[in-house]
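Some structures to go through are shown next.
Across the two complexes that follow, subunit A remains constant while its partner is subunit B and subsequently subunit C.
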Partner chain A sequence: MNNALKEHINQALQKGVRLDGRKLDEWRPMTIETGTISTAEGSAHIKCGEMDVVVGVKIDVGKPYPDRPDSGTLMVSAELRPMSNPRYELGPPSIESIEASRVIDRGIRESEAIDEKSLCIKKGEQVWMVNVDVCPLNHDGNLIDLGGLAGIIALKEARLPKLVDGQADFHVHTKTGLKLSCLPIPVTVVKIGDNFLIDPTFDEMSVADARLTVTSVEDGKLCSMQKGGEQPLSIDDIDKMVTLAVKTAKGLRKYIK
Partner chain B sequence: MAYKKRHDGRKPAETRKIIAKAGVIPKADGSGYFKIGDTEAYAAVYGPHEFHPRNKHDPKRGTLRCTYNMMPFSGQGNRVRPGPSRRSKEISLVMENALRPVTDLSDCPNAVVDVFIELPQTDAGSRCAAISAASIAMADAGIKMRDMVAAVAVGMVDGLPVVDLDYEEEAWKTGDVADIPVAMIPSTGEITLLQMDGHASTAELKKALEQAKPAFQQIAEAQRAAIKARYAEAAKKVKE
Partner chain C sequence: MTAAKEKSALLVKDHDVVVPGEVLAQGMEYLPSQGTYRKDENIYANQTGLLIVEGKVLKTIPLASAYLPKKYDVIIGRVQDILMTGWRIDTNSPYSAVLPLKDATFDYIKKGADLTAFFNIDEYVVCKIFQVTSQNLVDVSMKGPGLRKLQGGRIIKVNAAKVPRLIGKRGSMVMMIKSATGIQLIVGQNGIVWLNGDPEQEVLAIEAIRKIEEEAHVPGLTERMKKWLEKKTGKKIEIQEMPEEESYDHRPPRRDGPRRDGPRRDGPRRDSYRGPRRDGPSGPRRDGPRRGPPRR
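Our next item is the complex of A and B:
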């Protein structure tokens, strides 16, 4: 960890400001484009401050798992490609990217937004396999929240490819979308010193003492959580962080059309 | 039945719509964006920086290393599995060969210049778009170069010589197809990438290459405009 950077961020926070001039509970300016990727079944491109992330949904036809013959599959993958930040190197998926993938994945899975049984084409033989891939182009923090938000928007936009003789024809899309019963949104709150921040930049993320990602649905109910970072959290901390995360998620819903 | 009119109404020597930008990835030392039709490439340059492992060091000059990667949802068919494949490794290699002739890395021996290329969507011609984007990114990063390499696919579709094949032409079902990705140094006309898949006669190859000359100039112009726009913007910021 960069101690000088940490001290610098901490000093600013004591005055109630962040290095980019934001308030502690302020989100960066954000734009979202949908349907930008012609080869994906659904896509969303989010720019939030300097964070720039593309999410695509690919829906293939495949064989179901033997233990769940009438269920399709949903998988989220995040890749921290070396293009997006000088800190990332080539090689097998880093633990950071695996954690981000799994936290986004659990948020969608545990909210039961997608009924995997509705993805069954022919029991035991063919099901739809839904893949959500999160690809940052320029990584400036808060990957889980922005990947999760873009993921749910891309899933909402996605249209199934046409099925021709048991094969997907990716050049023809049907009007059938994926039925989402709710919209789970992950929000990460980081703790630096005694301060709680949302939408952390890469630098803020790198000096955080602890973080808590809380995924919530429309009525404010929680569906998954993940604590990260080395420092412990008190019950009082958790209470504050969850409240802030749920409130922030409500504000982000306006971006989902 | 021969292919007389292109399926999307283009003239034989006409490329798809081109968009070129520089400085699209703030974290990188230099970056470029090149879109031709629905084929889209981002390139980011990091370096020159330290090169691991040491046994690959070149004591005479820096090493140029390209990494071509298709995003999992960028293919025309099923999801592309993440991670390096035989195909992506070969394309990375031919990209390095296409870019090295214009690059002078004698100032940074033992170091490496990394060029990462990511494709969010493809509709054929991805290695050419990748090379065109990489050239912009390297120029943006201030790598010493004598020109920017321009690349486009040429080919024959059922007897018709064409420029910038899309997926439908590349996969043309009712006649022979030759797909020939080409990269050119626009100021000298030298060719730095040449591959071919399919069937064509020597005369057809010559005709296809000859016909593509204006397309290379058009791409080179778009690349130069991207770099100029980037520096005009930077100059404006300095004045403010």
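Our next item is the complex of A and C:
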């Protein structure tokens, strides 16, 4: 069916229509809630069309890495559960989930949005460890973008727990948040035939020839990229995709308060 | 008992949406049927759905349900696997079906032929269920009018409980969507829908289908959909029934006349009709000692 589906999607794209009636550069209607998980230090819940993703940020006290004794740590993980889409199976993390978490991680890390040095409590002994967990509840494509957007919103909302005798008291939160110096937003542009689309659905993802995820910050500066899919991209293609991604990221900034 | 009878009261209205555990009626006056049960003096709902009051009988029509294979249903299935002598078909239900070689095609299939040439994995077929065993082993056939492999187009899934409303009275709803949008449309009883046509019209048809799904329990659906489609397309639409050969009624004709005129089937069933029997002994009483094991 994948071939038949691909042909069908391509036929529709020739006429400038996507299977759900959107234009090529149209984002699905999106709602964002914050603070949905009370046990997390920060959380965001995005619904975008059929896609439904929750991101929680957990901040705990831990020992720093020996080679970087004065910086805190950031870790992003994504979990693709069978509940979110029947195509996923239980078991060790799939390549797709590792890719999603690493691309989101790279965007936040390379943009230097979080000053890791500021997360140090006592050099060589105690630092704040920031964990970002991306969990799609209903997976209908575009996990990297929506996970990344929800991640940055959750990080912005996050408040450090109170420090009591060198231990975090998760019942009491301080007013200190993580000071984000910029807001990196990943946008995936998918190439199907000769067409470039944003915010692909699961079906569109599965028939895509190639995709390029571009993370950019407010002033349009790029901080990370990731190419996927089997087909190659020409320089011209990449130019178009990056321009589209940066333009889209600018539009998405209005969702971050 | 007479005291209980006096207190009998219906606590909900006809066509209310009820939820499991909701008390529908008090007293012995009312009778439970599909989707409801009696506990002590009360009748409770078993499933989320629309409550139907038929005289004294209470039943619910579920708002959402999985498809369960039924004989003579025409469904759209996905080829799941290729077997030694046929194909395994995913029926969008807990039970997969088998399409045996002899029911798959009128062509002669040579011994050892490549079965993927007929139906390959992940292709969709319109097929008819011709047997469901008590163990829910399902057999489907491709021999019959309109049964074929689906080429091109796209598949969407709808709630199986809403399929009758989507098809409409004698296929009128399907015919309406087809004539309004000019696309090809096949609705499987299992909630799988195949569409093929102009992309924009496909989107409109899907929008219509989702609207039907959402509003299936509100009366006057056909009229509302007609107006909605006329507004969307700017075309004048006439409600028409489906021609006999395309019909969704694939049951063989009954000898004692058409089914429509037959006895109503949705009345109370004997197995859920427990009311008055409580009053007295219902069978021969076993007053004597029960017989023990046979003597050696």
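Following the convention adopted for this analysis, the second predicted complex is superposed on the first by the 256 of 257 C-alpha atoms of A that agree within 3 Å, B and C clash if a C-alpha of one lies under 4 Å from a C-alpha of the other, contacts with A are read in each partner's own complex, and residues count from 1 in each chain.
Operating definition for what follows: contacts are C-beta pairs under 8 Å (C-beta built on N, C-alpha and C of every residue); 3 or more make two chains touch, one makes a residue touch a chain.
Everything quoted here is computed from the prediction, not taken from an experiment.
**Q** Return fit or clash for subunit B versus subunit C, each positioned on subunit A through the superposition.
**A** clash
**Q** Looking at the overlay, does A:66 come into contact with subunit B only (first), subunit C only (second), both, or neither?
**A** Touch partners of A:66: none, neither subunit B nor subunit C.
**Q** Just checking: does A:15 make contact with subunit B only, subunit C only, both, or neither of them? Give me first, second, both or neither.
**A** second
**Q** Give one of first, second, both or neither to describe whether A:29 is in contact with subunit B, with subunit C, with both, or with none.
**A** In the superposition, A:29 touches no partner, neither subunit B nor subunit C.
**Q** Does subunit B (first) or subunit C (second) touch A:140, or do both, or does neither?
**A** So A:140 only meets subunit B here.
**Q** Classify the contacts of A:40 with the two partner chains as first (subunit B alone), second (subunit C alone), both, or neither.
**A** Touch partner of A:40: subunit B, not subunit C.
**Q** Does the superposition put A:232 against subunit B (first), subunit C (second), both, or neither?
**A** In the superposition, A:232 touches no partner, neither subunit B nor subunit C.
**Q** After superposing on the shared chain, does subunit C or subunit B touch more subunit A residues?
**A** B
**Q** Does subunit B (first) or subunit C (second) touch A:2, or do both, or does neither?
**A** In the superposed model, A:2 contacts subunit C only, not subunit B.
**Q** Taking the contacts subunit A makes with subunit B in one complex and with subunit C in the other, which residues are shared?
**A** Comparing the two interfaces on subunit A, one with subunit B and one with subunit C, no residues are shared.
**Q** Please output the residues of subunit B touching subunit A within their complex, sorted ascending.
**A** Touch list, subunit B to subunit A: 24-28, 38, 42-44, 46, 67, 69, 71-79, 82-83, 114, 116-118, 120-123.
**Q** In the complex of these two chains, what residues of subunit A are touching subunit B?
**A** 36-41, 43, 50, 52, 54, 56-58, 60, 77, 79, 81-86, 90, 92-93, 131, 133, 135, 137-140, 168, 170-171
**Q** Name, in rising order, each residue of subunit C that touches subunit A in their complex.
**A** My answer: residues 78, 122-124, 151-155, 196, 198-200, 202-203, 206-207.
**Q** Which residues of subunit A touch subunit C once you look at their complex with the stated criterion?
**A** Listed in rising order, the residues of subunit A that touch subunit C are 1-2, 4-5, 7-8, 11-12, 15, 17, 19-21.
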